[in-house]
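Here's a structure for you.
Letters A, B and C mark the chains as written, and numbering starts fresh at 1 in each.
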Amino acid sequence: MKSYREELWFETKTRRAYLNITSQVEAAVRSSGVTEGLVLVNAMHITASVYINDHEPGLLKDYDEFLEKMAPQNATYRHNETGEDNGDAHIKRQFMGREVVIAITKGHLDFGPWEQIFYGEFDGRRRKRVLVKVIGE
Amino acid sequence: MKSYREELWFETKTRRAYLNITSQVEAAVRSSGVTEGLVLVNAMHITASVYINDHEPGLLKDYDEFLEKMAPQNATYRHNETGEDNGDAHIKRQFMGREVVIAITKGHLDFGPWEQIFYGEFDGRRRKRVLVKVIGE
Amino acid sequence: MKSYREELWFETKTRRAYLNITSQVEAAVRSSGVTEGLVLVNAMHITASVYINDHEPGLLKDYDEFLEKMAPQNATYRHNETGEDNGDAHIKRQFMGREVVIAITKGHLDFGPWEQIFYGEFDGRRRKRVLVKVIGE
């Protein structure tokens, strides 16, 4: 069994952002040399998500509006009594999810026609990481 | 390490549907010959989910009503300006999730007493796929 | 390839509870002898979650209030017509998720600075299980 580990680093200019990281994950799979296996891609921070959906600008705005309506930045959160201001981001991240697990088949991400991997940032403007871990043969 | 791949195809008669696919996944695990490992089951389309919960008709209606209230089909979505009419389905799918990962122990799905695998369709009436990928020994 | 399986049992005193199980999962990884691989941690019951987020008491209250507002215990659920009273718990669990998959690197959970594993109970006061399944080398 082979294993491979890589970190992807991001620093978004806005508090919330949605970045397509598919090609970076595909490159990590290529570096791993694994042709049959699984790749785990997860946010290493707890106010960000990794999720799979469509790369369509209207949809990214729909998600952003939905999340802000569901857990508004300026609502009252007990978490913010600690001095933080990101209580909303912890809730938004739970909706979009922490991680995805993707099949690797014949050396590639085994994807349907529209699947793309996104890094969802809900408390950005600082350096944060995504972990890519590959196992297989 | 062994690996195995199978696609399950669905075409629901209704726009939204909830199909119990547990026996099909169990059959794929049997075909794989893997007795200890993991199986990934994921929607290959971005307006559908694979999730694990109870096979109880009332609950399926509860989920459906909850999801339709959360993201109504007839609300306004920027995604629908592209000519699509499934903005709601992309949001419903995020709530229910894209994938499940299940342990395989002694050749079987390692499940608690009520765990069942469902395909959640939010934009059906066309052929769509689920990927089953098994790795292990 | 090595594999390892362990069950963690819980019986919470309250209907809803959020328990940090990170050290128990770390101990299971140690017992497995796996130094490079993946660990799956999932609720074996369908009214509970395993999720990763911050161990901060205010945040746990934020989650609890958010979930109770989203799917109130005393609302009307078709599922409860079966004699159950936990329709709300099935919806809360879908929001928080069933499972997490965590990379194992050099024998440890490969975590960012604040990641902690939680068991989220939404229908407690009875014995329920979490499955820890490790695969790797």
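Criterion: contacts are C-beta pairs under 8 Å (C-beta built on N, C-alpha and C of every residue); 3 or more make two chains touch, one makes a residue touch a chain.
The model shown is predicted, which means the values in this text are computed figures rather than measured ones.
With contact taken as defined at the outset, chain A and chain B are each touched by C. Chain B maps onto chain C through a rotation of 120 degrees [Cα fit, steps of 5, range 0 to 180]. Remark: chain A and chain C have CA centroids separated by 20 Å (rounded to whole angstrom).
With touch defined as above, residues shared between interfaces to two or more other chains in chain C number as follows: 1, 38, 95, 97, 101, 135. Taken in their complex, chain C has these residues touching chain A: 1, 36-38, 51-54, 56-59, 61-63, 66, 95-97, 100-103, 105, 110-115, 135-137.
On the chain A side of its complex with chain C, the touching residues are 1, 3, 5, 38, 40, 42-46, 71, 77-82, 87, 90-91, 93-95, 97-99, 101, 129, 131, 133, 135.
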